[in-house]
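Supplied in structure tokens, the structure appears directly below.
The letters A, B, C and D name the chains in turn, as written, and every chain counts its residues from 1.
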Amino acid sequence: MSIFDILLRIVLAFTAVITFVTLNALFLVWLERKVSAVIQNRMGPTEVGPFGLLQTFADALKLLGKEMITPKSVDQYVFLLAPIIAFLPAPLLIAAIPIAEGVGVSDLNVGALYLLAISNIALLGILMAGWSSNNKYSLLGALRAVAQNISYEIPMLLAVLAVVLMAGSLKLSEIVKAQETIPYILLQPVAFLIYFICSIAESNRTPFDLPEAESELVAGYHTEFTGMRFALFFLAEYTQVFVLAAIVTLFFLGGWNGPLLHPIVWFMLKTYLVVFVVMWLRWTYPRLRSDQLMNFNWRVLLPLAIVNLLVSTVLFRGTVG
Amino acid sequence: MEQLYNILPFSMGIGTLAFGAFLVLLPYLISPRSKGRFRGDTYESGEPIIGEAWVQVRAHYYIYALVFMAFDVETAFIVPCVVILRSWDSWLPVIEVGAFLIILSLSLVYALKKKVLEWE
Amino acid sequence: MPLEPEAVEPVAEQKAVYPELIERLRKAGATEVSSLDYSKSGMDVDAQVTPQSLCAVASILKHGHFSLETLVGVDRQPEFEVLYLFKADNEGPRVKLRAKTDRETATLPTLTNVYGGADWYEREVFDMFGVNFIDHPHLRPLLLPHFTKFHPLRKDFHGAPIVIPEDTVEIPELDVQAATKLGQSTGLRSDFFLNMGPQHPSTHGVLRILLHVEGETILGGRCHLGYSHRGTEKLAEKKQYVQFLPYTDRMDYLSPLNYNWGFARLLETATGIESTPRAEVLRVIMCELSRIASHLVWLGTYLLDLGAITPFLYCFEDRERILTIFERATGQRMTTSYIVAGGVRNDVYSTFSLEISELMRDMRKRLVEYDKLVIGNEIFLMRTDKVGIISPELAIEYGVSGPCLRGSGVDYDARRDEPYCELYKELEWKVPFETGGDCLSRSRVRMAELEQSVNLVEQALLKLEDGPVRSKVPKIFKVPAGEYYSVTEGPRGIIGWYLIADGSQIPYRLKVRVPSFANLQTVEQLMPGTRVADVVSILGSLDVIIPEIDR
Amino acid sequence: MSESLQSTSHEEAGADTDHIPPIVQFLPLQKALDLARANSLWPLTFGIACCAIEMMAASASRYDADRFGAGVFRNSPRQADLMIVAGTVNLKMAPIIKRLYDQMPSPKWVIALGSCAICGGPFDQDDNYAVLQGVEKIVPVDIFVPGCPPRPEALLHAILELQERIKSGSTNATRA
């Protein structure tokens, strides 16, 4: 394979991933508005395009044509870089997710670890955003985000390990293959719950949306960001929601396994179902307070995750060996 | 193909940075600008700000980060052990993982007792 | 035209109503103590105090568990007079203290050492009349911007051009110090000042709180008011009584009808006009509907503050149905101007009862839902339980009223304890109260009140009989010279109107005692030690309306 | 204190110079952007008095401003396109409104909702010491919505009217 070939493949893969990231985020924002509208007895966007489908395109285009304001007292370079860093993991994550047997940009042999590691880059972007803004709301939002994300990281990792233990591999396609007969949500229900809760917290969604808690911190860490910079945070957030749903699908819901329908359809169906549940939660629950959030993690989730891993190790050895 | 996998995250990252930079810089060309007097002021509910946001952060946060580091690194150590658990026909790794996790939980109990994990 | 302060005929020679109290007030240094006729003036005891004896007399009242209801500044020309209105819990008397100061010195001792709640009231008088209160801890303009140099409620003030100087971009150092003073500095450099408001999603309007924060913990904070000050009380001195009615709508726009009623009742006590039976029933129905609508907005916005968005839309939908009825009956959705002296402005439409009883039926179902899904929600309980506790003592000292008072375990409701409408005595209902004093208790009280209001409306509908809706009112509306006070219970608490009339068509001085003012004042005491998120929770549970506070 | 806040901005408000036109001016792109802007007016969460409640009602279920893409209320002016001045502006509030308006990124629009924001409304006495007689004195207004308070439908109508004007390029912000 020549260098040119590789380059072409990379460019193609990159284009495909970026297009997917953008379209998916726009679709998810539209979906979110429609879901919220249905939950709230409203119509949601209807005027722009059929069913308001083009509403989010209008929003995106508008944000592109919006003035960029860099406030006087910010840390200029960090401020400029923050949204880009926050957006960085989105395509990297999408690229590593197989959507069916052999379909996907790449299927890394350390896929599970890769996903968890890369998704934390966004946190760096958030911290940079909060700190560089020189705005107290942003600072508080960023501090909350960091504390919350690193805390929930640990039980999340332990929950994933329980799954890895069953599958015996970190490769995502292997994990899906191991669930051909029975999805892990049935074998590892506790791990599923822990992972689901943690990943909602990691993607800063209600009831864990403290970093951008609107009623307290106005807009949280992205308070000072205008136009496209703000849009990049949004893109990153919605991609993260998609990725979290995809991981739940891969690890616990049996991935693309399913009767009758095409594997890709199964995968997408399951993923968007999880996305819907996440949205449903958002439009139903109030928000926790920061200390309650932390206590919940350190006192409930983490011990539970440790016990879960311990018990599954013993049980697994007992049944297999 | 292996080659492709190896350079993929890297090249993807470069591409994303370029794309992000493009998106962030394009509006400078196509958007109008305003020139209000308070345009560059830090926003704080419409009032002028008192003092900067760049204050000292309490050492407490630092300890918090340390605790996280400890837990995260320990967890990362379990990963290989867990992966090969399937192919080893022995209780040894189970005991090892078990001992490791128990030590981990002891440190959690200690941290909770010392009230290191109280968030303010 | 100078006005005689003793315009109301004292009834002391007939029968002293509270002889023991009067005796003790006299001993403490009050001069000219007399008792008044409650039904005519809305006050029971009237006492003149000297600046020296003011604190001693007030201490007597404080030991008797009187709460400070409001301060009324009056420009008697030439001297200034400040009236201190006190109220004992439940069926006790209302007491009025009068302290005079001449125009040149314009100083009085502060009452903040006795009643903490006097703080803002004195600042307001300082703003409006330029009366200095010696030893007041923070005598800064409250409602007016710090750059204004005039005192608008003085009679010799006739407007000023509206000029906004450029130096308003500077925050006065004094404000910073004041915010610091409330919290104890930790000596570290990790503390900072955070402005919450005036443009902030959870300050419910244009309230500004300057917080002194370390991390997320609040060391102290000061409220800054006046971002919605419109000079209503000054306007009242230029408007005829009838013309002033629309301004009452715009003070508390969530329950304008309750304000209309308060004002109408003031005029009725002052002139002796009586309203008709049908009008009384209509008033109860409309005001209780208004209370429901107001509490619904509270529920929605409170949940919005706590991060749940959906309940807000459901509450607003229910409120829309009530507003539709208002619109058909009064012609306006919000600014109704419906209840006037002598009755209501016009009769209601034919399907009025039918629509309301249908609405109330649906309302009952919705209330069960709200109770289960919203107030019973685990996260809601975590965010409100034991947060922002107002003790009964603090509540009385600060003159807290309404659901906030009842949430603190003080069982007082003007509808029952000072019945301004016969109907409230006849109907079957109860005053809900809780003893926790925290945000959860206040929320529960409001939820129970919603249910009681539905009860009241349903019963009142049955009493609606044909008849005139307005009694005969003279074309040229004049109020006989004198001083009158009237109290009604709004959704947020006691709405008091203090009127000094000089016999003409225009009030000499009209002071509104608004419930949110006193309720909000407690927030400065509740904040230290809590977190940023708790401030939002506390503020929401107090249910304040800023234009009502600022007037 | 030689010149006051309100007089300088009044001059600015009247002129087109409040907005500096974009560097790249390309008509089809401009048209497309205007179309997008018209259909995505994010208002600033900002209520002062009575009218704010009607503004909230306009975004609630029955009127649902989100249908027209105008239901995304942003709390930070940095992310808002539309300032709805809903209520009485007094002299303590005026500098804040000016500041918030300045902090919003261009292009931006203002709707004066209700009589108070238009001209002082019922508080328009000659010798009123507190109320600014119309918000136009400090920020340029595109649409005036009369009423005390205006009904939610009136606000929706104003938003639709503003959309038309943005599309035809005849507002304060897009004229340049």
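What we mean here is this: a contact is a pair of C-beta atoms (placed from the backbone, for glycine too) under 8 Å apart; a residue touches a chain by one contact, two chains touch by 3 or more.
Every value quoted in this text rests on a predicted model; they were computed, and no experiment measured them.
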{"item": "Chain-chain pair with the highest tally of contacting C-beta pairs", "value": "A-B"}
{"item": "Geometric centre distance via CA averages, subunit D-subunit A, whole Å", "value": "36"}
{"item": "Whole-Å separation of chain centres (CA-atom averages), subunit A against subunit C", "value": "48"}
{"item": "Centre-of-Cα separation between subunit D and subunit B, whole angstrom", "value": "40"}
{"item": "Distance from subunit D to subunit C - Cα centre to Cα centre, in angstrom", "value": "32"}
{"item": "Sites on subunit D at which at least two other chains make contact", "value": "33, 61, 75-78, 96, 100, 103, 105-107"}
{"item": "Multi-chain contact residues (two or more partners), subunit B", "value": "28, 30-34, 38-39, 41, 43-49, 52-53, 57, 119-120"}
{"item": "Per-residue multi-chain contacts in subunit C, two or more chains", "value": "169, 192, 194, 198-201, 215-216, 313-314, 317, 531"}
{"item": "Contact graph of the chains (line, ring, star, complete, other)", "value": "complete"}
{"item": "Residue numbers on subunit C that touch subunit B, as the complex places them", "value": "169-171, 176, 188-200, 208, 210, 214-217, 531"}
{"item": "Residue ranges of subunit C in contact with subunit A within the complex", "value": "192, 194, 200-202, 213, 215-216, 303-310, 313-314, 317, 377, 379-380, 382-383, 531-536"}
{"item": "List of subunit B residues in touch with subunit A within their complex", "value": "1, 3-5, 7-9, 11-13, 15-17, 19-21, 23-24, 26-28, 30-34, 39-45, 49, 52-54, 57, 61, 64-65, 68, 71-72, 75-76, 78-79, 82-87, 89-91, 94, 97-98, 101-102, 104-105, 108, 111-112, 117-120"}
{"item": "Footprint of subunit D on subunit A - complex, ascending", "value": "33, 37, 40-48, 52, 55, 57-62, 64-69, 214, 218-219, 222-227, 230"}
{"item": "List of subunit A residues in touch with subunit B within their complex", "value": "1, 6, 9-10, 13-14, 17-18, 64-74, 80, 83-84, 87-88, 90-92, 95-96, 105-106, 108, 113-114, 118, 131, 133-139, 143, 147, 150-151, 153-154, 157-158, 161, 164-165, 168-170, 218, 223-224, 227-229, 231-232, 290-291, 293-295, 298-299, 302-303, 306, 309-310, 313-314, 316-317, 320-321"}
